[in-house]
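Two complexes are shown next, each including chain A; its partner changes from chain B in the first to chain C in the second.
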Partner chain A sequence: MSNNVSRRHFLAGSTAAAGALSLGGASAFAADPLKVGFVYVGPVGDFGWTHGHDLGRKAIEKEFGDKVETTFVEKVAEGPDAERVIRQLASSGNKLIFTTSFGFMNPTIKVAKQFPDVKFEHATGFMTAKNVSAYNARFYEGRAVIGTMAGHMTKTGKFGYIASFPIPEVVMGINAFILAARKVRPDAEIKVVWVNSWFDPGKEADATKTLIDQGCDIITQHTDSPAPIQTAGSRGVWCFGQASDMSSFSPEYHATAILDVWDNYYVERTRAVMDGSWETSNVWQGMKEGMVQMSPYNERLPAEVVEAAETVRKGILDGSYLPFAGPIKDQDGKERIAAGEAMDDGALLSMDWYVEGVTA
Partner chain B sequence: MTLDILVPIILTVVGSATPLLFAALGELVVEKSGVLNLGVEGMMIMGAVAAFGVAVSTGSGTLGIVAGAAAGMAMAFVFGVLTLTLAANQVATGLALTIFGLGLSALLGAGFVGIPVAPLAKLAIPGISDLPVIGPLLFAHDALVYLSLAAVVGVAWFLKKSRAGMILRAVGESDISAHSIGYDVIAVRYRAVLFGGAMAGLGGAFLSLSYTPLWNEGMTAGRGWIALALVVFATWRPWRLLAGAYLFGGVTILQLYSQGAGVAIPAQVLSMLPYLATILVLTIIAAGPWKGRLDAPACLGKPFRPST
Partner chain C sequence: MSPDPGLLNPAAWKIEPRREIPRSLLYATPLLAVVLTVIAGFFIFLFMGYDPLLSLYHFFISPLLTLYGLSELMVKAGPLIMIGVGLAVGFRANVWNIGAEGQLTLGAITGGVVALAFWNETGWWILPLMCGAGILGGMAYAAIPAFLRTRFNVNEILTSLMLTYVATLFLSTLVYGPLKDPMGFNFPQSRMFSDSGLLPILLEGTRLHLGSGLAIAIAVAGWVLMTYTIVGFQVRVLGQAPAAARYAGFSGKRLVWFCLLLSGGLAGLAGTFEVAGPIGQLIPVISPGYGFTAIIVAFLGRLHPLGIILSGLVMALSYIGGENAQVVVGLPQAVTGVFQGLLLFFLLASDFLVRYRIRRRAIQAAPDGQTQAAEGAS
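Then we have the complex of A and B:
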């Protein structure tokens, strides 16, 4: 069963529902389905971030069938609205609630205090509580794979990177990409254009055009629309997709995409709530756990490029390839990480400097 | 800067300016008739989704363009009924139209997310389009780009020279006078509003069929609002509007370009430039020696109820 609730109706009808359920909620029978709620920042049809989380929700339904009842509220703004939506989900009987954007962190923590018997799962944040877990994906592992491929594929040695906002997660991705690329092509450099938006197809397309005009022959992005893929493809430039397989927008030049796959985590956490084994955790999962995956490689890619990509991917899987292993120099040539060392998770999650080879 | 860098930059600017030009030109005519329609963004996005949907379903870009214009007009008609026939507040209705359009387009377009469409064909002339510099700059755009430029000429001529254009301006300057000498104010304004809707729809069609040939929710990303600023920036004159659209488009591209080239101007500052320029122009005109020549239609935004 699933309910798609628009935020407006949801808030309007929820006062009555909240009153009714606060009476009935305590005496719920064991046979009742477990209610699982989701709060999305974007539309389900964004073909990217929120789309991925919704696939995770569907995976829960598929796994547990009648034993669960899921509800999602889409397009929730990161602000006062979020707290209201989360509270309404909690008071209408949901026992497990996923809040899937960084900006939902504080409201989640706040509401969690008022509902000690409801479990909360917050994506991409760093705060946890007795009934709040945090989870995130190591997207940078995918960036290391595509960076390696780019290093093999480039002729000009210049890459174009369409970036959203200068937060650690984005900076980390840029650095992981160029570090991997320079292992193949030591003189490679990356040009970064900030479009100051997660989603503006027109501007992303313009940024793609300017980067190609400035000599970049590989395009990659940390924004959510497929416009860069389409633009790069129409100009005959190889590119990499973000969050979803975007190959339909350029079957010829879409090399591969980094996929966020939340299915396993969501199913496991739901199971844990059902059998009572749920505990607070703070996980950062990557390729090993299947949270980060690569979409099928383009058939037109030379065999050695695919081979190099697979070598890195397998190295990440067995732990022999560390994307942030030293020596690492910053943009000014100063050594930040010595040879033999590697950056730990804390340093990665607060990364605010660029490695050598980045123009941003 | 050599020509082989300059030509692609200019081509990118053309793409960035064309949707602004369409939407702003339509709004200019609407405002000249004394109506303020803040729903440009909503009409644009409806044009984008309709054009995309029809182009994908029928395989014809031309039908897509027609559908885009029609969808914009349908939205404008709703606005017309509310503000002209029922004399509702224009500002509130316009804002509502934008919010309505964004929501409705998301609903209608839900099935089109993630589908590619063939971009509009470039109207290339064999031989001439291959000429260096001039070829790509002048003879290798799609039909909508030429249509937008032709529309500037058409609107300029219409407002300045044609009888109907003069009536439209009269209605915008003094609805009561126009009414008392026998012109049907409401009918004139309906036509202007519908034209504005069609133009906004064409701007949206350009976005979803040519600029980035895809559909995504909210893909207009605020261009309708820039178009509104542009009308004021151009002080309600078509030729200034043409220059303004290319200037605003150029600023966007310039800031992306300077980032790629590693120039240390904060991108945010350059993003503000179109709006700063609009405020500056308004201030200069309001306070400078050209005082009183702002050219804002005197009846802009005022509802008109014909007395019986």
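Then we have the complex of A and C:
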């Protein structure tokens, strides 16, 4: 059976199923809304990573009203299922599809080949194609801010870090945090627990308890659930939220959170598809573009901590503070970056070594 | 008058096994469970404010209306069926391999390593070699609980389950380390296998691969094994009447080894099929829980290989339908889990009611009841 026939059958079926889908493309009829699809790795209610992307989706709806129609599929496993979900979104008329986890990269590229008239946006990967763009945020800039705060706040000089997978982005975050902290407190060290998951509240909470029991008096995380915040807060330990404002989970001890703000990017890319100006790109935006922001500082924080945080944040904004400026030594004490130099994006994006002060 | 308090008293009821269970009823319960699940689903959708008929349509029917949908159903059901058939043989013999997920992971690793070792080489023998390696990997991993059970009498439920987590970590170690794609910016994944390491696609334009077809063949072979061979007979006797099996001189230890190696080998092969089929490379997580879901599939299919084909398809449909309902109707993902839970609940409940009956005790029937009441008053 030829590809065409089976494709037509499939389209006919899904058209009948969905009622009135326009598969001819949104541009043919001005009245048809642009369909935008989202693939999420976690549940929309994770209060972290996926929640942030879902806010971006809502920003699109708010901006364009009934000119868009958005759909999302949540908790999609990074594996064989992803390709089917992405394909399903593409074949049910979505003309712009955001796939919001690294593990969706190869499936996105595969499906994109079969749907040349659909635009794809993949978060946190490195592959692009004619109709696939990549985007990511410089989360490490936020890590430098909270690392500075942690350096001021700690008594024991030990930080607990709940981490997901040792991919460059996570490694980079750990390094940015401790580099900033050691500028304030040179003997500070960081203990990392890997939970091997992006979203596993049970494991994240257990890891938090273990770290606190080992003397860590500041907790931060690179996982997506608010469980570490809840646990740390209940033990009276200061902590930092991840991806979304998590202060409601511990109003007393949630110092601040690094916010991923996808709203502008998502709205811009949607507009680009609407007016036909969409082109493949590969962006890595940070505080300057507003993709990384800090949530409101906790009112119980001492004024000098907030002041130090703001100094770093403004330094990053005006370019005077480089989180990865030398001299940087690795775990073995070997100098990797000389004084006066700074790591470039290429080196950052493939970072697979830890700086001094990390126990991972 | 208040209602008879005796009805609410648990002691007023007793559960007794039925003497004769019609075979037809045993096979009918899974169907009954499916029907009840659909009815319950109707009301759940109604109360959630979705159009119930439309939701059910997109959950259970519209994924089956397209060739692509059917092919995806097979892609998803394939590993469930293969693993389920292997597990069912063991379950019949009271050998509880709960670690198929780990054996699948090991099979994916061994098969994948072969594919990567011959990366960019061509040869018809690469794929069979990968499959052989996958089977051996899964068997070797299942051999650990088999050895511990037969030698030290360690419960295989615990050992096989715990080894699952070891397997996942082993896979992580490999894809973060030696098997990492040299061109992959340090991201945890291997190279994409070259064509000689990928299963042929059966239907152009879909992901239906040779492995999905073989899964059905394997289920049929499983049926032949259980029905027409001496080993199958021994397995059934060991499960139903261990003492009789001993008197007959069947070696319990040998059967434990057989069951674990068979189920491990099939899980390992399923793992190789996953990496050589829809995934095409090694990544930190290979299976979305196939090894565990296959346990449900095995029981839903009455531990019968042909029943497992059906139950594997039903279970696969619950996943695919769940995704479809999210895309088309906007149902939350949790509905998939609710449906699977309902299905199991109704299956277990109707199973129970087929095997047992609940009877009212004869408390009120004169003497006993009166004595109790009298004692209470004194």
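One rule holds in what follows: the second predicted complex is superposed on the first by the 332 of 360 C-alpha atoms of A that agree within 3 Å, B and C clash if a C-alpha of one lies under 4 Å from a C-alpha of the other, contacts with A are read in each partner's own complex, and residues count from 1 in each chain.
Note that in this section a contact is a pair of C-beta atoms (placed from the backbone, for glycine too) under 8 Å apart; a residue touches a chain by one contact, two chains touch by 3 or more.
None of the values given here were measured: they were computed from a predicted structure.
In the superposed model, A:165 makes contact with chain C only, not with chain B. When both complexes are overlaid on chain A, the residue A:43 reaches chain B and chain C alike. After overlaying the two complexes on the shared chain, residue contacts for A:83 are found with chain C alone; chain B is out of touch. Contacts of A:193 after superposition: chain B is touched, whereas chain C is not reached.
When both complexes are overlaid on chain A, the residue A:230 reaches chain B alone and has no touch with chain C.
Once the two complexes are overlaid on the shared chain, A:351 sits against chain C while remaining clear of chain B.
When the two complexes are superposed on chain A, the residues of chain A that touch both chain B and chain C are 43, 196.
Chain A meets chain B in the complex at residues 43, 45-47, 160, 191-197, 199-207, 209-211, 213-214, 216, 225-227, 230-231, 234, 244, 248-249, 359-360.
The residues of chain B lying in touch with chain A in their complex are 5, 8-9, 12, 15-16, 19, 106, 109-110, 113-116, 119, 207, 211-214, 216-219, 221, 223, 252-253, 256-257, 259-262, 267-268, 271. Across the interface of their complex, chain A is touched by residues 57-58, 62, 65-69, 72, 75-76, 168-169, 172, 176, 185-189, 192, 203-207, 274, 277-281, 283-288, 319-320, 323-324, 326-328, 330, 332-334 of chain C. Residue ranges on chain A touching chain C, taken from their complex, read 1-3, 6-7, 9-10, 13-14, 16-18, 37, 43, 71-81, 83-85, 87-89, 91-92, 102-103, 106, 125-126, 165-168, 196, 349-352.
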